[in-house]
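Presented below are the structures under discussion, each in the form of structure tokens.
What follows is a pair of complexes built around chain A, which joins chain B in one and chain C in the other.
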Partner chain A sequence: MDNSRANLLEEAVGISKGGRVVVVEDCVETSGTFVLYHFLKRSLHPDSSDVVIFIAFSHPFSHYERILRKMGCNLTVHRKNHRFVFLDMLTLECPDRNGKETRQDGLLALYGEIEKAVEIYSSLEGSRTITIMIDDISLIEVAANGSSNHVLDFLHYCYTLKAKYGCSFVTLNHEDIYSSANMLPLILQPEYFADVIIKAEPLATGLASDVHGQLTVLNKGSVCDLGGSSSKVRNFHFRVKENIVDYFYPGTQT
Partner chain B sequence: MAETICRALRDGAFEGEHAPALTIKDTIDTPLGSFVFNHILTQLTSNILAGKSQARGVVLVALSRPPSFYVELLKNKGFDVSSSSKWLRVLDCYSDPLGWKNKLLERGTVRNPYEETLLKTTLCKNLKELDKVLSSIIELGKEIVEEGKGRFAVAIDSVSEILRHSSLPSVARILSHLRSHDQVSCIFCLVHVDLHEAKVAATLEYLSTMHADVEPIVQRTNGQRNISEDLPMVEQSFKRGKFHVRFKRRNGRVRVMREELYVEGSGIKITEVSSEDGITAQSLVPKVQFNLDLSEKERLDRAKVVLPFEHQGTGKPIQIYDGRKSLNESENEEKQASVEKPQTTEDSGRGEIIYFRDSDDEMPDSDEDPDDDLDI
Partner chain C sequence: MASSRPRGGSFSRNISSAATAQIPGVKLGPNGTSFLSSGIPDLDQILGGGFTLGSLVMVMEDPEAPHHMLLLRNFMSQGLIHKQPLLYASPERDPRGFLGTLPSPMASKEEKSNERPSEQDANLRIAWQYKKYFGEQNSEVQRGGKAEYCNDFDLRKPLERHFYSGQRVDCISLRDSPNLVPLLERCSTFSAQISKSDGNITCAGRIAIQSLCSPQCDFFDKDWEMLSFIRSLKGMVRSSGAVAVISFPPSLVSPAFLKRWQHLADTLISVKAIPDEDKELAKLLTGYQDMLGLLSVHKVARINTQVPAILEATTFSMKLRKRRSLVLECLNQAPVDGSSGSSYGTSGTCSGSSKTGNLDF
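And then the complex of A and B:
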């Protein structure tokens, strides 16, 4: 039962061979981090040999490890098996002391680490998709001292890895902090790049005890296939439980 | 009108005029601008290969898509990519716009950061120096046309990316420089307007002779970004949109055309504003028990009805009774009045209204106040 419900998100996101860009947007009322954990667990599934490069700006490794262990996925083991690369960026700061250069250098070094990891893992034998996860974009902006252009440059470089190595991307961003007009590019630009946009919002009718919010999945269809006609939009409710998330269509929960 | 755009770009620049320029605008609500761009690129390419166009080749400035994307695109449309070096040059500003990969390569962090493609590409490693970008575009164009008088087309796949690195005046300068270059046949570019201030769209519009706008079929109210309430509409907006084109003639006249755009498989289809819209409009009328529409027969019957006074004006003098007798008629009628009465009984089937005014005291219909002679 639970298995089929979990598939509602899978079904909406769909399966694609090549890499693709998934943008998760949440807001203060409804956190979207559970979607990130879902993708993390899926990529580290024992049946596949996919690799995840996780760039954490918001929490230390122990936090993710604790959550994922409850979901039945041991990050420490995956880390030892070289399937999970954790880049701890909690302390990344790109101070603006010597002009623009330093600010850019911090992000450049981070990008260098990502590309190096991607290069190593893609040269190994066997076909695997490398997924790059970022938690979250708004904190890169904090690290870059509020320069959204530098963040967009960094993201652009990350996306270039998709063309060469077929990497996938899952990024988390907070939609409600970019409400003013001059901040909009940071939320809109990733949306232009995205193949799938997942929005976590509170219920329009207010809070409910057994429904924690709604997810809207905009699947543009894969750009690799040059076809946009497969685009679809799905909306469903979710309930975050201790170690699993229930997804269901509105009104189907008894 | 998409064909008119393609024709204008194909015909290129006239002697003593700047090259025609097209700006394609879209927003995140209908992000179909890149489909339009690809459509126009492939149309122009087929015109070039058929030798119909003024341009001999295209310089593609790739900013938002990797060159490999264009290889796939051209292959899908049936072009021979291996011989593309005769008519296509790509300035790759996508792979390494800030030179980061080059720096990492020098530091030894990575070994081979660049992607290999079938297209003949030139890498741009510093997008901030627009003058160098401009000179490489022109150089690449000259490579295509070789040493001659031929012209080339310039395609920029996202001005938004350039605008992130440079100011608006410098971008405008580059565009107008390209337009006025005597070897440029035409320019077209894409811009995502919601990433920029309103003045950017206006500036680009001033710089272009044609302006294609991709808009949602139904505008969302008050610019809300909450999409969970109108899902079908959002889904539609990824598949179709309004396609508004503005042509600026040389004499200053502006022609606006409205069409519709559908995403179809690997490309787009642009149609006249379809009758389908009428059908959807009809189906939107709430279902009621009585008939609001006319059947075909009823419509024909209605067309046959002769309206009052419609028969007049066909040779006969127009007679509209205003309560007064015209002079010549009043003389005749007075004579005939007594004679006519018996006649009417004979042909009573004719149907006739005979009206005698009771007396001349009766006022003809007029605006005059009948009581104005009263002495109160």
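And then the complex of A and C:
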């Protein structure tokens, strides 16, 4: 039963293939990080040989390690086996004391690191997808001292890796930050590039102990489909547990 | 005994958490986290044990009432009693003077038990307030066992001087400099002192920053600078054994930045004064006369876990028991007679996210 439930998200997202961009959006009331962990766990599945490059702005390694360990995925071991690259950006600062160059330099250095890692892993034998995960984009903006253009540049650079190496992307962003301001590009542009958009929202009636919120999954479908919009929207509730997340349609929970 | 021996089994207890048990004022929590007391027993209970070590707590102030000071005072006092290092920053000219206003712990436990209603009263409780009394009983047990972890503070009695004169208490005025660099440096030296050595926390520290973006400070309009300060502070606190509490007036932060601040907070609390003569609210809530204000918990720190904390209720009333100690209580709705048909909407204004827990009848 749990399997069929877990598949609700998988089903909505579709079959995993290289070069896909997934954008996760959440808000203060409901955190969407568990979707990130879901993709992390799936990419590091023992049957595949995929590689994850994780760019963490919000938590230290120990946090992710503990959570994934409860889900049955040992990040330390994957790190040793060169399947998991963790870039700790918790203290990344791109100060602007010497003008605008430095801001960009911090992000450029980060991009250089990502590109280097991607190059190394894509040169190894075997067909493997490299997934780049960012937690989360709004904090890059803070690290870059608010120059959203540099963050957009950085993201565009990253997206070029998709064409070159077939990398997948999973990024987290906070939707509510951008709801009122004129800083829309940072949410709209990733959405434009995204193949799948996943939004985590609280229930209109507030939070409950057995329904932690709802997910809206917009799957834009494959590009090669002829004519018409093939995008699908799914909406379902979820309940986050330590080792698994239950997904269910409203009212169908036993 | 066992603290230095490395273990291989996946089911063994984390070594670092075993070591933290010896630190005074630190309580072990789930998922390898540990808690510091907030100085308010009820708030500790609401948050599931206290403020998580390594978390950033943000308190949204009420622009008209200094209720956030109550939280800060208790938080700081509790740290001083546990002999934990403290860093206090405030927009006042003389932040050290604030230490003189910190409350002192209640004298004895007998006094506390006398304040409790007698046993006979307990038997005559009315059913619609039953939740309140369940909570009280639990907290009583908890307080009995962990009396040294969290004290009850007497807000009328100042803390004795020796608590804050000889120790590692650092005060800084936010007015001293036009930017946040000095404050950040102080915070980083502070957290370097108490930082974990090889994963073990040797001592816990507290950072209290009052009214971060108040107009007295020169940097109140530098939104990005403040954000990156908060982010850096969060990173520092996380890697050391400290808890940082920042209070700020949300009305002075623009809406988009307010959301960013809220996202950065691990634990998010807001306090709100209640108007003296709000007749409608008075009719709706019992014990309205004794209430100081309302406290809402918007977010609870989730470190090392993905499960969100769903609280029974998110809005609580702040009351002074015997005009001395601060208590938090669930909002209790007065029984509404069917004819009046007053809606729940008025209590919904207390917080943006009023919850069904308060309202179900």
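Methods note: the second predicted complex is superposed on the first by the 245 of 254 C-alpha atoms of A that agree within 3 Å, B and C clash if a C-alpha of one lies under 4 Å from a C-alpha of the other, contacts with A are read in each partner's own complex, and residues count from 1 in each chain.
Here is the rule we use: a contact is a pair of C-beta atoms (placed from the backbone, for glycine too) under 8 Å apart; a residue touches a chain by one contact, two chains touch by 3 or more.
Worth saying up front: this structure is predicted, and the values here are computed from it rather than measured.
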Clash or fit (per the criteria above) of chain B with chain C on chain A: fit
First (chain B), second (chain C), both or neither touched by A:Leu108: first
First, second, both or neither for A:Lys199, with chain B first and chain C second: first
Partner chain(s) touched by A:Ile244 [first = chain B, second = chain C, both, neither]: neither
Touched partner set for A:Ser31, first chain B, second chain C, both or neither: second
Which superposed partner A:Ser209 touches (first chain B, second chain C, both, neither): second
Contacts of A:Ser62 with chain B and chain C, given as first, second, both or neither: second
Lowest C-alpha to C-alpha distance for chain C against chain B (Å): 15
Contact residues common to both interfaces of chain A (with chain B and with chain C): 181
In the complex with chain A, residue positions of chain C that touch it: 31-32, 223-225, 227-228, 231-232, 235, 238-239, 254-256, 259-260, 262-264, 268, 298-299, 302-308, 310, 353-356
Chain B-touching residues of chain A, taken from the complex the two chains share: 104, 108, 111-113, 115-116, 119, 149, 152-153, 156-157, 160, 163-164, 175, 181, 184-185, 188-189, 191-192, 199, 201, 204, 214, 216, 218, 220, 223-229, 231-235
Residue numbers on chain B that touch chain A, as the complex places them: 28, 31-32, 35, 64, 66, 68-69, 72-73, 76, 94-98, 100-101, 103-104, 107, 109-115, 160-161, 164-165, 192, 194-195, 197, 225-229, 231-232, 234-235, 238-239, 263-266
Residue ranges of chain A touching chain C (in the complex, touch as defined): 28-31, 33-34, 37, 59-60, 62-63, 66-67, 70, 90-91, 93, 138-139, 142-143, 145-146, 174, 176-181, 183, 202, 205-209, 212, 240-242
